[in-house]
Amino acid sequence: MTTSFTSIAPQLEAQAIELPSWAFGNSGTRFKVFGTPGTPRTIQEKLADAAKVNELTALAPKVALHIPWDKVDDYQALRGVAADLGVELGTVNSNTFQNDDYKFGSLTHTDSAIRQQAIDHHFECIDVMDATGSQDLKIWLADGTNYPGQGDLRGRQDRLADSLEQIYARLGDDQRMVLEYKFFEPAFYHTDVPDWGTSYAQVTALGDKAMVCLDTGHHAPGTNIEFIVMQLLRLGKLGSFDFNSRFYADDDLIVGAADPFQLFRILYEVNRGRGFDADSPVAFMLDQCHNVEDKIPGQIRSVLNVQEMTARVLLVDTVALTAAQNAGDVLGANSILMDAFYTDVRPDLAAWRESRGLPADPMAAYAASGYQQEIAAARVGGQQASWGA
Amino acid sequence: MTTSFTSIAPQLEAQAIELPSWAFGNSGTRFKVFGTPGTPRTIQEKLADAAKVNELTALAPKVALHIPWDKVDDYQALRGVAADLGVELGTVNSNTFQNDDYKFGSLTHTDSAIRQQAIDHHFECIDVMDATGSQDLKIWLADGTNYPGQGDLRGRQDRLADSLEQIYARLGDDQRMVLEYKFFEPAFYHTDVPDWGTSYAQVTALGDKAMVCLDTGHHAPGTNIEFIVMQLLRLGKLGSFDFNSRFYADDDLIVGAADPFQLFRILYEVNRGRGFDADSPVAFMLDQCHNVEDKIPGQIRSVLNVQEMTARVLLVDTVALTAAQNAGDVLGANSILMDAFYTDVRPDLAAWRESRGLPADPMAAYAASGYQQEIAAARVGGQQASWGA
Amino acid sequence: MTTSFTSIAPQLEAQAIELPSWAFGNSGTRFKVFGTPGTPRTIQEKLADAAKVNELTALAPKVALHIPWDKVDDYQALRGVAADLGVELGTVNSNTFQNDDYKFGSLTHTDSAIRQQAIDHHFECIDVMDATGSQDLKIWLADGTNYPGQGDLRGRQDRLADSLEQIYARLGDDQRMVLEYKFFEPAFYHTDVPDWGTSYAQVTALGDKAMVCLDTGHHAPGTNIEFIVMQLLRLGKLGSFDFNSRFYADDDLIVGAADPFQLFRILYEVNRGRGFDADSPVAFMLDQCHNVEDKIPGQIRSVLNVQEMTARVLLVDTVALTAAQNAGDVLGANSILMDAFYTDVRPDLAAWRESRGLPADPMAAYAASGYQQEIAAARVGGQQASWGA
Amino acid sequence: MTTSFTSIAPQLEAQAIELPSWAFGNSGTRFKVFGTPGTPRTIQEKLADAAKVNELTALAPKVALHIPWDKVDDYQALRGVAADLGVELGTVNSNTFQNDDYKFGSLTHTDSAIRQQAIDHHFECIDVMDATGSQDLKIWLADGTNYPGQGDLRGRQDRLADSLEQIYARLGDDQRMVLEYKFFEPAFYHTDVPDWGTSYAQVTALGDKAMVCLDTGHHAPGTNIEFIVMQLLRLGKLGSFDFNSRFYADDDLIVGAADPFQLFRILYEVNRGRGFDADSPVAFMLDQCHNVEDKIPGQIRSVLNVQEMTARVLLVDTVALTAAQNAGDVLGANSILMDAFYTDVRPDLAAWRESRGLPADPMAAYAASGYQQEIAAARVGGQQASWGA
C-alpha cells in the first residue's frame, strides 16, 4: 500500500527545478549541430522560452546563466527582464573551454598568466552573481589531457587547488561554489575533476561554501549513482544536481528518458537524505542538449519527468520498507519500492495541477498555445544561440 | 627466443597504411575545435602533408578522400596532383550526417525522397571512384535515434538493406563497398549499424564485393577486438581497418596510444589470419583526430606505431607458441607472446630504415625538415579545413 | 491513448515462460553459496516447486533440465512425474564446464579425445531429449582463455564449428539446437562464443534447426539489447531467450529488477518482430540465480514481471507511434511508448487472473499457501541441490 | 634518452611485494574450482611456496594471512616457521563473507548481534597481528545488496562508520587499518564501499592510522586508476595496493597481464608521488587468483612483472618530460614516456640479478628446480587449500 497522493502534494508544491539557458539554444555533436526555427538569438529570448516552461508547469522559477554565452552589458536590467517574465536568474556557469588559450588547461595550466586569466574569469562571474543576486557559481572544468605524459597529473591537481582557493576567497557570504565532476570528455586520457571523490576532496579543503555538483550523466558505465547521492548528502556536501540522462557517454538526454527506474532510485535517496526539505542545500537543475527534439517541450517534458518521479518516490511506504529491510525480506522490501514505481501518478497529478490553475497536461497545453509558431515566425534573422555564442 | 629481424623485414617492406585526408584538418569535440598554424585549406594541401608522411616513412602511399569535404571539379587533375606528390588517391568516404535533411536518417529514412538523396550521394561517390581509380567505397552511417520510440528499428534496418542493395548494384567489377559499424555517437539511443554482427549480416546479403570495416574505436567497453578480427578473417569478410585508439568512447586518438598491448594482439590476429599476405583483402587505414597534438607528426607517429607493433607481432615464435598452447602451458604460451611484445624493435627498425634510404627516426627528421615552419608561414588566410568544410 | 486491456488479454493468455530447474537449487558467487531451508535435493523436488509456480500463475508450463545436474535413470518416469504435477519437461541444457578435463576447453579443445568426450555429452543430451520429448538442446559454452596467447582463437573457432556440426547432425527432425553467447565469465581474456555475431555465424553455417539463444545478461556494458532482438528476429534466427537482469556482469538477477524499461523495450521488439505469435520460433525461459532471495517467490516474481511488462508492451498504440515516427515527432513518438510503460496494468491483470480461476496476487497466494513451511519441514537431510550437484 | 639502469638499481633493490597466502591455494569461479597437484593443505605449506618465490626473486619477503583460512593455534610458532623459511608474516586480512550470519551484511548489519560478531572478528584479527607482528589490518567488505530496496544505503553507511570506529580504537600504536573498496561483487546492486571516495571519507573520519587500499581490479570500466593513485598519494591516504589485472570484472589475473601500459602508468604515479621512497606509507601486495595457470610460477611472474615495470618507470627522463609538458609539446611528452615503456629492461635486470646471487631468469630457475615435482609427490591426501578452507 503506497502513501496517499493528498499527503504528498505539499511537498510537490515546493519543488523547483532550475532551467539552463543553453538548453533553448541549438546543440549537437562534433558531427553536426542542427538548427531549428524559433531558436532564441539572445539571452532575453532564452528567458522568454524558460518563462513559458514555468508558466505551464510552475516547476521552473529560475534560469541558469552561462558566461560568456549569456553576457550582457547590464545584468540589473536582465534581472528586470526575468522578473517581468516571472522568473529569476539562477546559477552562474563559468566557461574555460572555448578560449584558444585554454587548449592545455585553465585553472590547472602550467602558465601562470593563463591560469590567472581563468581565475579572473571566475571573478567576473562572481561580479555577475553580485548583480543578478545568484547564489551559486558552478564550475565545470574541461581541463584534462588526451595522451599519457601530456601533463603532470599531480601538479595540475595542486594548481587546481590553488586556483579554487583564490576564487573561493572572493565569494560573498551568501554565495556558494559548486564543483562539478565528469568522467571524461572533452579530454580523453585524463580529466582533472573526474569523480565525486576528487570534487569532494577539493571542496572540503576550501570550506563550507564549497559543495559538490552531481551531473547524472558524468559517471563510468554501471556506476550506482544513488549511492553517491546518499554519500554526499550524508557528508553534507551535495550542493547541486545537473539532471539529464545517458545511454553511453554524456548524452545529455531528457532526464528520465534512458532509465526511469534509475531516476526513481536517485530521487528516493534525495528524499531519504532530506534533500527535498525546505532547508536543504541541494539545488536542482537540468543540464541537457535537445539535439533532435524540440527544445521548449523538451524542457517541459524534463521537469514533468522529475515531478512525476518525485511523486512516485514520495509514495513509498517507508515504514513497511524499513520493516522488510530489517527482517531480511529481500523480495518484500524490493516490492514495496516497485509498488510505488509502478503506480500511475499521472491522473492525480493532472487533477492537482488543474486545482492549482495550471494545465492538466502541460505538453498538450504548450502544443495548443501557438507559442512555437509565434517564435518561429518572429525570430527570423540574426544568429541562433548555440554553444558557440 | 623470438624470430630474427632479418627474416621479417620483407613483410615489413610490403606494409602500407592509408592516411585519411581529414586528419590533416582541424578537429575537436562538441565543446571546441582548436585551430593550428599551417593547417591545410584545400585537399591539395592535405595531399602535400600526407605525401610528407609517406616521404619520411614509406608507409603511407595512399590518401583517403571524404566527400563532400574533399570535393573538387576535376578528380583526374587531383589524381595527377597526388601522383606528382608520390601518393595515390585511396578509399572514398561518403558523408550522410551533415546535411540538414539527414536529421532523422539517410539510408534508413522513412521519407523516400531523402533516402534517394542519400543513395544518390553514394552514386556520386562511385563516380568519384571511377575518376580517381579508388577501390573502396567506405560507408560509415551516422543514422540512429536518440530516444526509444523515435524510430522503428526494424523498418530502418530493412530500408538500410534496400539502400545498400541499390548502391552495391552500381559498383564496378573492381570496386568494393566496406560497411563500418559503430557502437554509438552521434546517435545516443540506437545506431543502425552498431556492431560487427549487423555489418556482417548486411554485407553477406549483398555479395562478395561487400565487406566489413572494423574501426578499432567503435566497440563497447571491454570488447575483445582481436576476437572480432579473427572471426571476420575466418569468415572472409574483413575488408578494412580504421586504426585509432580510445580510452572511453570514439576518442580517435593515435593508434597504439591508449593500449599498445591491445594493438599488438589485434595485429597478431591479423597475421594469424593471413591479413598481411599479398593477396589479403584487408585494407589498412588510419582514422584519427589530432585535436591537441600536431597533425603531421601525429600521422607519422601513428604509422610508426603500426609498423613497430607489426614487427613485434612478426617476431612471435609461433612454433613454440603452438606447442605451449597444445600442452596447456598457460604461462609458457603467454610468455612467448609477451617476449615478442617486450622486445625493443626500434634499433633494428632504425637501421633498416636507413638501409632503405629513409630517415632512421622519421619524427626527428620531420622536426628537422622545417616543413612545419614553411606551411605555417605559407598557409595564411583562407578557411582552415575541418569537418565542417 | 493506449489500447484497451480487453483487446490484449487473448495474447497474454498464450504466454508461456519456461523455468530452469536450477533456479530452485542454491546458487551464489565464488565467495559463498548460502543454503536455505526447503531447498530441493532432487529433480523431482525441483519439479514440484516449479509446478507450484505454474499452479499460481499459469505462466510456466515447462521446466528446463540441466545435465548432469538433473540426471536420472529413467527419463520416461520423470516425464510422468512432471505430467502428474501439471508441467512438462522442456529444454535440455548441456554442461561442459565442471569436468576436470574441460579446464582448457570442451568443444574447442585441442585434444581430440577431450573434444570427443564433449561431443558425446551432447549426444547423451539428445538421448535425454528423445526420452523427455524436449524440443531444444541449449548449448552454453564456458570455453575460453584467461591469458593472451593461452589458446589459438582461430583454431578454437574452427574446432567449435566442427563439433557443432557433429552434434547438429544427430538432431531429430523436430529437435533444435540453440547456441548461447556470453560476453565473459568464466573465462576472462576471451570466450569462444562471446557475441551474437559469432553465434549467428556458427548457427547459420549449420542449418535451419540451429538458432541463437539470447541471454539478457550476456552483453557488454551499454549494449542495446533490443536492437539485437530486432536483428535476430529479422534474420529469422532468434531461437530462445534466457531472461534475467544485470547491473554489472552476469548478475542473473530477477528479470526486470535492474532496468524495467529495458525489459519493456526488449519485449516491444519481440512483439514488433512477431515473436509472440503462435508460430513464432522463440522459446522464452528464465535463467536466474536466487542467491539471497527466496527461490520459489523469486520465480513467481519473475514470470509476473514478464507478464506485466508484456501487457504494457501490448498496450502501445502502434498506429499513433508509426505516425509520429514518420512525422519526425521525436517527443511525440517517445511519449506514446512511455504512456504504455507508465500505465499501471496491475489492477486489470489481477481481475483477469481471478476471472481465470487464478489468484489475483500470486505472490500473496504463495505466502499464504504454507508451501514454504511445508518444504522447509519436509526436506531435511540429504544434499541440497546447487550447481555442484 | 632514458636514464641509465645503473642509476636506478638501488631503488629496485629496495622493492618488496607482499604475497597473499591464498594465491597458493585453489581458486576459481562460481562455475568450477579446478584442483592441481602440489597445492598446499596448510598455511605452513603456503609459506613454503611463498618462500620459494622470494628465494628466486628477492622480491617477496612477506606473506599476508587470511583469517580464518590461515587460522592456527599458535601464531608465535607460525612466525617462527616463516622466519625459518626466510619470510615474514605480513598483512592480516579479515573475512566477513563466508559465515551464514553475514548473508545480509556484517559491519553494516541491522542486527546488532551480528554486527558485533563482525566487529569481534576484527578484534580477533588484531590479536593475530599482535602475535605475528603484522602492521596492517586489511578490511575488504563483501557487504552490499542485490536488489533496490533490499537495504537502507544510508543506514548501512552510518553503521559501517560506527563499526570501523570501534575496530580502529583497538589498533595498537604501530598498527594500521587499510580499507579496500570494490566496484561490485559479490553484491550486485550496491556495495557498501564501492569507490575510493567512500573509502577515503570513511578512513579520514577515523584518523591517521586508517588508510585506503587500492585494488587495481576494483574499478568501473574505463576508470583512470593512475589518477586515483596520484590523488590518494597527494591526500596522504594511500595505504596499500592489491595488484592484479582485469579485462572485465574483478578477474584477479596476473598483474600486468591484461594491460601492461596501464601498470606502467600506475607505477609512474607511484614514483611521482614518492610512493617508492623508504618512508612511504604504501604497502605493495598481490591479490590474485591462479585459476588455470600454475600458482608458484604465477606468483613469480607477477612480482617480476612489477619489477620490470618499475624499472621502466624509473628510466623515464623526468627532466625532459617536465620541459615538454610545460612547452605544450603533446607528442614530445608522450614519446618520452613511451620511450621508457618500450625499453627492454630484461637483459639489464637479468645481469643485475646474477650480480646479486639470484637466478638471471627466475621462471626458468623455478622450472629447473624440481620443486613443483617435489610438492606434487609429497602433498598427497588431505584437503587442498582453497577459499572454502
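The chains carry the letters A, B, C and D, assigned in the order they are written, with residues numbered from 1 in each.
Definition applied: contacts are C-beta pairs under 8 Å (C-beta built on N, C-alpha and C of every residue); 3 or more make two chains touch, one makes a residue touch a chain.
All values reported here derive from a predicted model rather than from experimental measurement.
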| item | value |
| --- | --- |
| Touch-network distance, chain B to chain D, counted in steps | 1 |
| Which of A-D and A-B has more C-beta contact pairs | A-D |
| Gap in Å, rounded to a whole number, between the CA centres of chain D and chain A | 39 |
| Where chain A and chain B are represented by their mean Cα positions, the distance between them in whole Å | 38 |
| For chain A, residues contacting two or more additional chains | 103-104, 145-148, 150, 183-184, 189, 221-222, 224, 247-248, 257, 261, 292-293, 330-331, 334-335 |
| Chain A - residues contacting chain B, complex | 27-32, 34-35, 97-98, 100, 103-104, 142, 145-148, 150, 183-186, 188-189, 221, 246-249, 251, 253-254, 257-258, 291-293, 387 |
| Chain A residues within the chain D interface of the complex | 103-104, 110-111, 145-154, 157-158, 183-184, 189-191, 194-198, 200-201, 219-224, 226-228, 230-231, 233-235, 261, 265, 269, 272-273, 321-322, 324-326, 328, 330-331, 333-338 |
| Contact footprint of chain A on chain C as seen in their complex | 221-222, 224, 247-248, 257, 259-262, 292-294, 297-298, 301, 308, 330-331, 334-335, 341-344, 346, 363 |
